[in-house]
Amino acid sequence: MRSMPPAHPFDDDKLKEECGVFGVIGVADAASFLALGLHALQHRGQEAAGMVTHDAEAGFCSARRMGYVRDNFTSREVLDTLPGTLGIGHVRYSTSGHKGQTAIRDVQPFFGEFSMGGAAVAHNGNLTNAATLRRELIERGSIFQSSSDTECIIHLMARSMGRSIPDRMEEALRKCEGAFSIVAMTRTKLLGCRDPMGVRPLVLGRLGDGWVLSSETCALDIVGAEFVREIEPGEMVVITPDGVESSFPFKTRASRFCIFEHVYFSRPDSILDGRSVYETRRQIGVELAREAPVEADLVCPVPDSGTPAAIGFSHESGIPYGMGIIRNQYMGRTFIEPSEQIRNMGVRLKLNVNRALIRGKRVILVDDSVVRGTTSRKIKEMILDAGAAEVHFRIASPPTAWPCFYGVDTPEREKLLASHMSEEEMRRHLDVDSLKFISLDGLYRAVGVSEGRDPKAPRYCDACFSGDYPVAPADMIEKGFRLKDAAA
Amino acid sequence: MRSMPPAHPFDDDKLKEECGVFGVIGVADAASFLALGLHALQHRGQEAAGMVTHDAEAGFCSARRMGYVRDNFTSREVLDTLPGTLGIGHVRYSTSGHKGQTAIRDVQPFFGEFSMGGAAVAHNGNLTNAATLRRELIERGSIFQSSSDTECIIHLMARSMGRSIPDRMEEALRKCEGAFSIVAMTRTKLLGCRDPMGVRPLVLGRLGDGWVLSSETCALDIVGAEFVREIEPGEMVVITPDGVESSFPFKTRASRFCIFEHVYFSRPDSILDGRSVYETRRQIGVELAREAPVEADLVCPVPDSGTPAAIGFSHESGIPYGMGIIRNQYMGRTFIEPSEQIRNMGVRLKLNVNRALIRGKRVILVDDSVVRGTTSRKIKEMILDAGAAEVHFRIASPPTAWPCFYGVDTPEREKLLASHMSEEEMRRHLDVDSLKFISLDGLYRAVGVSEGRDPKAPRYCDACFSGDYPVAPADMIEKGFRLKDAAA
Amino acid sequence: MRSMPPAHPFDDDKLKEECGVFGVIGVADAASFLALGLHALQHRGQEAAGMVTHDAEAGFCSARRMGYVRDNFTSREVLDTLPGTLGIGHVRYSTSGHKGQTAIRDVQPFFGEFSMGGAAVAHNGNLTNAATLRRELIERGSIFQSSSDTECIIHLMARSMGRSIPDRMEEALRKCEGAFSIVAMTRTKLLGCRDPMGVRPLVLGRLGDGWVLSSETCALDIVGAEFVREIEPGEMVVITPDGVESSFPFKTRASRFCIFEHVYFSRPDSILDGRSVYETRRQIGVELAREAPVEADLVCPVPDSGTPAAIGFSHESGIPYGMGIIRNQYMGRTFIEPSEQIRNMGVRLKLNVNRALIRGKRVILVDDSVVRGTTSRKIKEMILDAGAAEVHFRIASPPTAWPCFYGVDTPEREKLLASHMSEEEMRRHLDVDSLKFISLDGLYRAVGVSEGRDPKAPRYCDACFSGDYPVAPADMIEKGFRLKDAAA
Amino acid sequence: MRSMPPAHPFDDDKLKEECGVFGVIGVADAASFLALGLHALQHRGQEAAGMVTHDAEAGFCSARRMGYVRDNFTSREVLDTLPGTLGIGHVRYSTSGHKGQTAIRDVQPFFGEFSMGGAAVAHNGNLTNAATLRRELIERGSIFQSSSDTECIIHLMARSMGRSIPDRMEEALRKCEGAFSIVAMTRTKLLGCRDPMGVRPLVLGRLGDGWVLSSETCALDIVGAEFVREIEPGEMVVITPDGVESSFPFKTRASRFCIFEHVYFSRPDSILDGRSVYETRRQIGVELAREAPVEADLVCPVPDSGTPAAIGFSHESGIPYGMGIIRNQYMGRTFIEPSEQIRNMGVRLKLNVNRALIRGKRVILVDDSVVRGTTSRKIKEMILDAGAAEVHFRIASPPTAWPCFYGVDTPEREKLLASHMSEEEMRRHLDVDSLKFISLDGLYRAVGVSEGRDPKAPRYCDACFSGDYPVAPADMIEKGFRLKDAAA
């Protein structure tokens, strides 16, 4: 099978969102809309994609494939196997499950046949008590087909005594802890649900006479749907072509939307939480320029995710903006290294330094985050090789010091550079002239909380920066993970 | 076979470079370097790639594949079929040959076995007398295997009485008219040659103890080679690991490098003709801002090729730069249109408007060129749909009014918007608030000719803008093409 | 995907065995033996094959593929994903499940993770109460992943309170009705079981220090295993490298081995029920020659399954044996019919008449069975076209008048020619000079029951000929199937 | 790519025919007929197949693929790329060219564009002066694309001064030595030609209002064409829908048809040289029984090619015929050997001994030929392992002691067992109770020459048995091959 080119040039040194979900009801040829919607959400999961539709005659139909939506779900041949006016879809990286080797059986949506009919479920997030739930279900005779936490939901639904599928889903989700934004379907209904803290996004759109649920608004744009509203934290919606029924079946909690969705995961053209992602990122650049100014000749983004912050930094600082690093649009990562070794070959495959622009300049590199620091180091080397006079890193997020357990793939804590180094230690490690991260307060200001972060009741989930986990990660604690405040 | 996603979002409305060439001698595992070099030149031809190497034991080895370098030439399995320390490669769009359906037999390099040994040839450019040459060769008993003009060269070499392969190549090329930058190889030598006007680029690099020939310098960077110099117009080089022999076998002519290489074809991180492509494009933006200023709130590039000019325009005009159009990095063009039709779906698959940024603003869109105008119209519609107050196009090249016959795929003259419309007519056709192209003089200033274009002896080939063809396109004239000055 | 050529030339007009099973324990590289064993059993199921192995380090490993064993399970790459000294495998046609479109999820072995560890199950036969079992299991919260009856067994095991997996399998199978020859495995044990009537075969072999279970002895031969004995009807064996534990957990019944295994399903080089299949078939030919002699010039087998009976018929009758029909060894069934239509093209793709041999002769065609009669008719036409003087059919089985519900794919009763025609009516329908089937008594004599069939206690299951079903097909009766003796 | 299963179980120890040719004119949808015809000739070449058709609108169209006809040329999708009422096709093993790794460029038909239009050529046979021709052509500037001797013909045609393509083909073939049966085509004509000795077969058939040329009559049968006559040795035919023009452009020679076509290459249902192949083979068995009788219990063919001779042997000797060796119809040759080694595993994959039949018997094994003897040895071992009392080999051809240079793939002379062993030495080498080959005279009698072989003017080419080469193999002699009578 051909190697999948990475979409972000430094995917291996980034946190990765694990999933995107999309659902549609009340439109002819639902599968075509699913394909478009999932294509627009591809940045949320590139390893695999799946769809389920329902058609009166053909019943439930599904297709699950490894690889990109555009490579698997664009032929008439495939879409014709997915008839119906109602369907849900999922793009997947892989968070739980076996990392790096997503099996096709782990690809969502998951499907279950119940006595009152079938249901399919697609999930963005992560259940923090999935291991416990799985153990209990197996003891009672459930047979798991995948390694995914999401499968617990469908087994809980199968065992529920609820009379309707929405009732069963409600009952099942009440047993689940952690982060979940779910789209699901029965033969006639589209369901949506968000966990009480609303960690992951989920929005509702109007598409002609039908309805759409999507992780992000950029997928509404591509199908030509109108943005209606966000699904609220803790809300469950049951949608038919005739309308949307809303309920709040869970115990109320303060909402804690993931702040990293603003920093990196979501697409810049999406509106999250009422705010333009692009504008937030640009504003982070403005804040960074205020918090950590430096004399220099050029503000240069690390492509592509650093671009909006670099534009903001340049605007605020007055230092010219320029493309000092050119991304190869035909990226690959699997080239054979020639026997005469090439310095930083992995990075060269993805980008090249614009030598004529960089030479002799004091360069500010704006990047979205530093995870392991491996890529930052290589970029610095290439910039210096090209003759830069000074290299200054400005990072559009605070130091990433803690893993995420709510649906993001993060390295183990010890592999996060910021887990064991101060900012100055990181600067020395990267060997650059200066390195500055935006402060947590600065980040909160950039997302519109003008007073900064309230440590007693933070408006966002920022556990990856702060170690302040809004839901205790039960399964991980059982495996030995130690919370920040855990006494030695 | 899976559909190849386009690399540029609007490929179908751009002129297309047809080829890139790369050669290497004197390094272990030449094929790995070829793969890297061709990968860096992929923007010059995305339909197919081919390589030939020579190894004392295995003889000449070749591989030719449809599709991207990264998808076909990165496995050990393939590279192991290409042993040797000497090789040449080619990436191809398709200019002559059957358009749109490149057959594998049209994929270069071409190979011929002569009595003194084999030779392989790869060609960037176009022979303007290829049809005549082909006709004569067939009459004498040559059998053509492809529809490519390049095959003439190898047949002319086969029939030459020259005692060595370089002699035969020299003799063959003297019969060829038009544009050619060639890399070729024998069992022991790497050859390079550029037509007397030097229409297409070709550069020489040093790689450890070996040598590299490449269409652009960006491919030197990826393999870690040092830029030595450009091959001169009309120069032929014969390279062994021991050194480079140079000769000038053709009648001397004034050089006429393709100015569109600066505008669009080449990568911004390449150095062409002694100038940074990025800097030239940025400078085009500066000139445009001077020539055609306008009151507005936002300078927005049409991604990705409009970006450097937009940066220059913003810098010169003081109007803020912003990403008003977001490109989908997982582009596809083959999605099935849902039965409920989506306005401008083709464009939506490739980009989305950053609605929050655009709304209510007077927007300057900076694009590299207008060919048919179809895409410009759709982008304008999307920008207006998103609520822009005004739309102003600024184009980083003069109106493209004439086809290219020197190795660029252009639509027929009548399909070029500028062939039958004035600037104002185009503005009305696109229905925008203003539309301005850079002047030909402004473009010459941006590439460093401060006095502008000298109509009697222009420094560049600018036939696509001016209709001034430095070599008469003999085959096309025979087919009925009428030159600018041809009396009625 | 490439079309799979059929293995028997007239597959579409034959009854089809649905499955073959094979298991091995106590040998290094179990997967290689599984591949060989399943290859030897390929005639029992050509649509798909699957394997599960267990390895201390890697745990349970599985691979399931559509198509032939030789095309999917012979590369080191695939076998390396199946480590371990213990494994089971399955080849599948498809009896229950959706006909004609075996989904990969229907490919056995099936696997379940229980609280005491995992188990895999592969099944040859058919459960006649599977629909009822499935309905009950779904009501209690089991989620089915396939449309296969075999999946009931693994869910029954998951819900069993048994402390060990063999205990759970025993409990599960006691709830199952119909025909089953099962191989199964835990992390450390190989299990085998045959239903109380022993409808389908299952044999035990010794392979070095290890053990083998197989549907037929021909698969023992290919792996070099020694035949030990048949698993008895109603017997369950639990095998470790140290030995074989046997038990008889079911209520005792008279055995009723499938007589059609002798006639057609099994390979001629297998030993079934203590008898050589080849010899039995040859003996059928002898019986036929005695029961239904005819004056003729040539005895000609319908390839390949009619061959042993034709040899026996020739020997007994003294009429010369000859290859009047030549089978194309590169059979295909998907050729496009040319616009000028070819008579009997489907058959021509698979065989050709040996015209020189046939011309002017009175020909006896010996075939194994007549199902729909469509192929017989075409063969007769080809034989007559080639100039035969007379055509006499001799059929090596009694008229097939009833469908099988014990693991054989049969057309619906009304499509069976013998369900609504007498022998003479069939002769007229096929328009041949004579047509004779062996009698049921003759068939019993050929399998060694010298006194013929005892209608009160037949030694074999011969329901497809007699309509005498040893186990009532509960699910089918619920769907409206009427037994022979059912009052109108 | 998936491994191609061999068609004959012991292909690696057989001589191999290299090619089959087929052409058709004057029928709608010629490509469908080509596919059927080549499918029927698949036994003559299994590595690759190619077709060329011509259509007024589409011009010449071609498709060439590695692998079986049934896998590559049966879809509407492929056939639709081959429109027209005229076409030729070729199946290929590989005789000249690089053995074992047929490149796609070596797959025929070959095509050349001449000044008066294109022509395609497909060739069965071998040119014994191809190396000399190629050298001369290259010196004059021809560029070869393949390693095939057939390409010389098309280059000779390109250089001919003939005014029409048939004239050019005639002129070209007059320069060729060796064996050739050719089908060729222009835009409007189907051409056929056989070398003056007529070594390889070629027949003419009538198909509706059109015409067919084919290597064997079995391909006439499959398309429903009527056999008209053989093309004569030295004859050239030019066919239009209106009729067949015949000429004899070469110097007359005594015909020498390949006798091995009767023994092994051709299909038993073909008529060659006026004789039924099946009947000839049966008669060889009769002669063998007369020449080399032996007391035994069973005559057993080595499947499948030994079958007709075994039937004849049984009939003549009165010893019963039986299937002692069962061929696996799903043959494969690439199974991974389990770590516990299996004796004769390669052979087991292809066949199994019918142990119940063999045990205790004196067995006569009838095979078509002995080449290296490796397979014969293994079969003998399996027969003895199964308990045979005695093993007697009877071979349906004389000892194969000389390589063929006329289009058959033979091992080098020293690898032929009979090149350096007497019959008795071979018997001892194979370690069997007796081994007898049919005599050359006996073989001639079986093909109808009742007086046996006339050493002064043999009716057939029997060089592989006799070393009597009717045309001196010029290229091979240049390479050092020594003829039988060459003085030391």
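The letters A, B, C and D name the chains in turn, as written, and every chain counts its residues from 1.
Definition applied: contacts are C-beta pairs under 8 Å (C-beta built on N, C-alpha and C of every residue); 3 or more make two chains touch, one makes a residue touch a chain.
Please read these numbers as outputs of a predicted model, since none were measured by experiment.
**Student:** Could you tell me the least number of steps, going only between chains that touch, from chain A to chain D?
**Tutor:** The least step count works out to 2.
**Student:** Between chain A and chain C, how many degrees of rotation does a Cα superposition need? Round to steps of 5.
**Tutor:** Rounded to 5 degrees, the superposing rotation is 180 degrees.
**Student:** From the C-alpha centres, identify the chain that is farthest from chain B.
**Tutor:** Centroid comparison gives C as the farthest chain from chain B.
**Student:** Could you tell me the distance, in whole angstrom, between the mean C-alpha positions of chain B and chain D?
**Tutor:** Each chain reduced to its C-alpha mean, chain B and chain D end up 51 Å apart.
**Student:** From the C-alpha centre of chain B to that of chain C, how far is it in Å?
**Tutor:** Spacing between the chain centres: roughly 63 Å.
**Student:** Nearest whole angstrom, what separates the Cα centre of chain C from the Cα centre of chain D?
**Tutor:** The computed centroid separation for chain C versus chain D comes out at 37 Å.
**Student:** Name the residues of chain B that each touch 2 or more other chains.
**Tutor:** Not one residue of chain B touches more than one other chain, so the list is empty.
**Student:** Could you tell me which shape the graph of touching chains takes: line, ring, star, complete or other?
**Tutor:** Topology of the interface graph: a ring, with each chain touching two neighbours.
**Student:** Which chains touch, pair by pair?
**Tutor:** Every pair of chains in contact is listed here: A-B, A-C, B-D, C-D.
**Student:** Which residues of chain B touch chain D once you look at their complex with the stated criterion?
**Tutor:** It comes out as residues 112-115, 138-145, 154-155, 158-160.
**Student:** Going by the contact rule set out above, which residues of chain B touch chain A in the complex?
**Tutor:** Touching chain A: residues 2-3, 5, 7-8, 27-29, 32-33, 35-36, 39-40, 42-43, 46, 68-71, 74-76, 79, 207-208, 218, 221-224, 267-269, 271, 276, 278-279, 282, 304, 307-308, 311, 315, 320-323, 326, 328-332, 334-340, 342-343, 345, 348-349, 352-357 of chain B.
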